[in-house]
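Two complexes follow with chain A in common, the first pairing it with chain B and the second with chain C.
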Partner chain A sequence: MDSLIKEFRAAYAGQLGNDLAKTLTPDVPNNAAQLMFVWESGNAQSIKDDLKFLFVRDKSARLNMSSDEAVGWQEIYYSYWKALGEVLAAEGLRKSRVKTSWTSVYEAWKELTSQIIRGYTNHEFENWTIPCLYVAGKYMRLYAMRADAERGSNGDDMVTNFQDDFDPETEKHKSLEDCARQLNRIFNLCLSDRAPLSESRKWGIYYAINLLFKTYFKLNSAALSKNVLRVLSAGRGDMPDFESFPKSQQVTFKYYEGVLAFLEENYEEAEKHLTLAWLLCHKGATRNMELILTYLIPCHLLTTHTLPSAKLLAPFPRLQALFLKLATAIKKGDLRGFHQALQEGEDEFVKRRIYLTLERGRDIALRNLLRKVFIAGGFIEGAEGGAQVRRTRIPVAEFAAAIRMSGGQDIDTDEVECLLANMIYKNLMKGYIAHERGFVVLSKNGAFPGTGV
Partner chain B sequence: MSWASATPPGTQPGYVSYAHAATAYTPVPVRQGFGQPYTLQPQYAAYANTTNPPPAPAAPPAEPQQQQQKIDWPDKVRSYVQRSFESKNMLPDVSREEMEAKLKETISHAKDAGIMYTTDWDGMPLPQMLVRTHRAALLEAQQRATTQMLAASWPSPASAAASTEPARATNHHNSKKRKSSDFSESDPSTGNPWRSNKKLLSLSDRISQPPGLDSKSLKQAEKAENRKQRFNTAEYKTYRSPSPPPPTGPILGTCTNLEKNYLRLTAPPKPSLVRPEHILHQTLDLLKKKWRKENNYNYICDQFKSLRQDLTVQRIKNEFTVSVYEIHARIALEKGDLGEYNQCQTQLRALYASGIKGNAVEFKAYRILYFIHTANRTALNDAIADLTTADKEERAIKHALEVRSALALGNYHRFFQLYLDVPNMGAYLMDMFVKRERLAALANMCKAYKPDFKLRFITEELAFESDAEAAQFIIDHNGQHLLVEREDSIVFMAGNAKQLFETARADAYRRVDLKGQI
Partner chain C sequence: MASTSTPKPDEKSSTPADSKPEQAQNTKTAGALEEDDEFEDFPVEDWPAEETEAANQQGNNASGGTAADHLWEESWDDDDTSDDFSAQLREELKKVDAAKRR
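On to the complex of A and B.
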């Protein structure tokens, strides 16, 4: 314990927030021995007094902090020590007399988080210490997920419920839902600070928001993130500039903002946010870039009808597997190839929630196919002996033949007309269908907007 | 202390602990008796309840009582005492001290209560007998406490029935509270509003949260949190230990009525009002018969809701549960009650997912169609994610997926072909959005076709039953001017329709009924 407090004092004296947070980080995989040492250096009977001595009575080492603040820290390290004991027990690093579970780890850590929050509301903690909040939130989320997973695998879902029906989601995510509420407290703690910006907790807000987003997505209730965005945009006026937050936080935030817009089918908005995330993303963060592209590529397909180049996909084998086949089929106007690629990737697409968006790529594939028919129709004499012009009156039968060939299955003329009508309706093709006479009249100028013909 | 005068003397367990300190008798032990768990032994409880004695004649002050050493004991009492000490009346398992203490207690009780002259001393059991019965009662109470704990500390049927009245009063109170606000900030049991959500709530508060309002109340709670944060008071309350933990574990019903009206629970359910599973089986048979015969949806829906509630509170999750939800879902579908249908469907999804058999394929298909209707893309995506490869080969699911894909691509031709051939009861669901899709198709055609085409084409493409029906549909949407009679047929002037159907389509999509969405 002494050594831990020594680190604390050093960090505190230098106002080094990250170093301070490190003293509260239960990073077991990388730091097991040291954490064990900290745990063993205290014992349940005397820990409170020891800490009291270290923080309050030990005048020699008293830092430049009020006794009120010292009490706050003392409580935090007490909670931390207890939580650490639970963590080490759950990880199997120490024997515990009582049965250990990740649920009790979560509860202990939640207690610590509450103590830290209390530090800001009741014990005058300064804003350079907010990395402590980060650590608290980060591990709270991890422990909540492990607690849920553990309960799930034990089949222990005895949540009392007196609603008329069962609520399956609640039983599955009991701890994580609670965690979301705690994270929201952190969010509000940052949001509600009225101190001048230089010493405001507002600097912690994006970290808190990003944690909340992650949690909401995991809980399958991404829609709740909208509330956070609403609160945020309402208070944007007295917020520090977005650009002055750490880049890592900016990227994560923009990514989630983009995905949220994507899920709402607001593709223009999504494209804006995702592009920003893409540009800010560290070039070594392959995984993150991959995630951003997973949504940015379907966005582009719908907004600008463009496909990813081989060069863009080159560094991302996973994305190649996802998109390459599909992109090739679209480019060639290969309806059957498109169908196959979509089916092969279906599980993955559905999992990433891009299936319904990608499916619309079929329109582009069809457009490319019809365009080929138009070009194959060649030129005819212009009116009154003028220059040659493209043939713009095309029998529906010609389109039908192309669709049959490309799709590999029979299709009746009415359905072909229906598909053509859709092309026109969606502005992918300009012209009209003359049903009674059985042909399509395409526009002389730009029958297929944006494709050069 | 009112019971002191009503219950037979000598049965006051509260005296026991003071038996040896007999000389220092004060009324205090009587008060302590209240705190003992066995004061409400069943055999006395009924007595105490029915007689409901008048307010206690204020117990005489203790000191004057003690000073009054000389008392004129009635003869009957004297003989009672005598009998108590007769050796033939001694019991082997009751010591003389115990007996003496009990005797003293009995008599002084009679004296205190002023019933010394009215008590039937000849018929009064001897103190040693009283000690015995008291022991037995104690033992029973202990056993009962243990079994109650096992049975999730629900009141036993008998006492539950006896306490119905007060419970009802509580219900009333609760429901009133709910109306004013779901999360009243002043409610001491809720404390921090974030804690007040779901599991950490006291029971009654939890049940009052209507299903499907999650995000709403969450928002409310968020607001409350904001308010609190503003004043930085939340932390004080966070540490308040939660109100007594809700009883856990399922209950076992004892009600044997087949029918029961639905009432939303506002307090923990009482076993006496809950039907056990074998009764519920009979209920279901009865309801099926009634539905066939009377076809009264309001009645059926109400009965099914109470049936579902009984299943839930008893945590019955088996094939019977599945069939209850399936039947209710089908009936709700038939009657177009989407709210109820969706509740059933949500449950069914979870039940199937936990491996319970039923008509999973049929309902997975409905689920897809339902989310097409509500235009809920996220849920639709989830519904597709739920499907296994084998599922996708099933006719009903294949059909639903094709419907979805046809709509996604605007392929109304295919869509209306699928509409004409729906497996199971899917047509009820498709009926709900077919009008919307017809408008969409017409908007589409009006932009793509020029100058006109026969009305017949619309009838066929949009699956109307006759030209007349198609014409009526167009007229209903103010398109009469688009219908022109030619020599051999009626034609539809698609090129002249402009924005007419586009506007109608947008309206129809905006009005998707989201009732009952979770």
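On to the complex of A and C.
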């Protein structure tokens, strides 16, 4: 414990928040030996005494800390030591091979998190120490998920929960649901700070929100994420500038904000957020870039009717598998190819929640097909010997033939007219249908808006 | 010799990937199916503007001479009159035309 507190003192003296948080980080894969050393440095009573001495009686440290604050830290490290014991036991690293469960780990870590929160509400902790809140929240969420997974695989829940209101869905995520409430406390702790910005906990707000987003998405509760956004925008006036937060926090936040808009079919908004996330993203973070583009590509398809180029997809084989066939079919106006690509990718598209959006790409594929018919129609003499103009009176039968050929199945004229009417309604094609005469009369200037003809 | 001693069970799985590429492939696909769309933590908290994707794109432009817009292209193509699909379409339209004249 002495060595840990030594690190604490160094970080505290230099006001180094990240170093401070490191002393409370149970990174077992990278740090097992050191964590074991801390855990084995005493038993519950001796650790308590040690901490009391180190924080209260030992005057050699000369940290500029009130006795009240010292008590806060003393309690935190005691909770940390206890939680560490659970973590190491759950990982099977403790020599005595004590058994524990991830649920106990979660409970112990939650206790630590509460102590840290208390540090800010009751023990005058300053805002440079907020990385401690980050590490508390981060691991709390990880442990909650492991606890839920472990109980799920053991079938433990069934034994203890035979109440009337038993709901298997909530049981499945019991720890994570609880975790969401704790993370909400952290969020509010940051949000409600009235101190001037330079010393405000508001600097912790986006880290807390991002943890909440991840948690709510796992719980399949986008609505709760929207609540967070609402609260945030209500308080945005006295928040630090978004640009002054670390880019990791900006990018993560913009990704989730974008996906939320996407799920509400607010594609323009979604495109704005996702584009920002994409541009700010670290160029080496391939997986995250892939995630951003998974939603940005369908957005582009709907808002600006543009498709990803081969160059854009080159570094992402997974995205190529996901979108390339679909994009090719859209470009060619190949209705059958589009249908096939959509079906082949269905499982993945549904899982990513982009199926319905991509389905709307069919309109673009159809637009391109009709456009080809228009171009194949060629030119006719302009009125009174003027310059040549494109033929704008197109028989419905021609469109029908094209749709039949491209779709690979028969379709009657009424249905074709219905599709054409839809195209006109959606402003993908300009003109009108002369039903009795079996013609479509297209606009002379811009029959297919935005496509150059 | 230490190098020939039997590896512990958990070390076995981390033996060089090239010795059993097939298995590595399998676990990868299984992982991909399990994976959800949770955003990963970045290894660093912050980075300078030069390391963003935006800068990356601009860098490519300077050397390659293409605009960032080239990452997105129009959803239709004009110069495809030679592909099978277009040829087939023209055939179809000819048939319609012929039927009309009859």
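Criterion: the second predicted complex is superposed on the first by the 437 of 453 C-alpha atoms of A that agree within 3 Å, B and C clash if a C-alpha of one lies under 4 Å from a C-alpha of the other, contacts with A are read in each partner's own complex, and residues count from 1 in each chain.
One rule holds in what follows: contacts are C-beta pairs under 8 Å (C-beta built on N, C-alpha and C of every residue); 3 or more make two chains touch, one makes a residue touch a chain.
As the structure is a prediction and not an experimental result, all values here were calculated from the model.
Upon superposition of the two complexes on chain A, no clash is found between chain B and chain C, which fit side by side. By the touch criterion defined above, A:Asp334 lies against chain C but remains apart from chain B after alignment on the C-alpha atoms of chain A. Using the contact criterion defined above for the overlaid structures, shared-chain residue A:Glu177 touches chain B, although it does not reach chain C. In the overlay built on the shared chain, the residue A:Cys281 is in contact with chain C alone; chain B does not reach it.
Once the two complexes are overlaid on the shared chain, A:Arg390 sits clear of chain B and of chain C alike. In the superposition on chain A, contact of A:Tyr425 is made with chain B only, not with chain C. The three-chain arrangement built by superposing both structures on chain A places chain B and chain C 130° apart around the Cα centre of chain A, to the nearest 10. By the touch criterion defined above, A:Lys272 lies against neither chain B nor chain C after alignment on the C-alpha atoms of chain A.
Residue contacts after overlaying the shared chain place A:Ala402 against chain C, while chain B stays out of touching range.
Think of it this way: put the two complexes on top of each other by chain A, and the tightest Cα contact between chain B and chain C is 13 Å. In the superposition on chain A, the residues of chain A touched by chain B in one structure and by chain C in the other are 351.
Put simply, chain C touches chain A in their complex at residues 32, 36-42, 44-47, 51-57, 66, 70-78, 80, 83, 85-86, 88-90, 92-93, 95-96, 99-100.
Touching chain C in their complex are the following residues of chain A: 18, 138, 210, 214, 217-218, 246-249, 251-252, 255-256, 259, 278-285, 287-289, 291, 294, 300-301, 304-309, 311-312, 318, 330-334, 351-352, 364, 367-368, 371-373, 375-376, 395, 397-398, 401-402, 404-406, 451-452. By the touch rule above, chain A contacts chain B in their complex via residues 114, 117-118, 121-122, 158-168, 170, 174, 177-178, 181-182, 184-185, 188-189, 191-192, 220-224, 227, 231, 263, 265, 350-351, 353, 355-356, 359-360, 362-363, 414-415, 417-422, 424-426, 432-436, 441.
Contact residues on chain B toward chain A in their complex (touch as defined above): 194-195, 197-200, 203, 206-207, 209, 211, 215, 218-219, 222, 225-226, 229-230, 232, 234-235, 238-239, 246-249, 264-265, 268-269, 305, 308-309, 312-313, 317, 343, 346-347, 349-350, 353, 377-378, 380-382, 384-385, 405, 408-414, 443-445, 447-454, 457, 460-461, 495.
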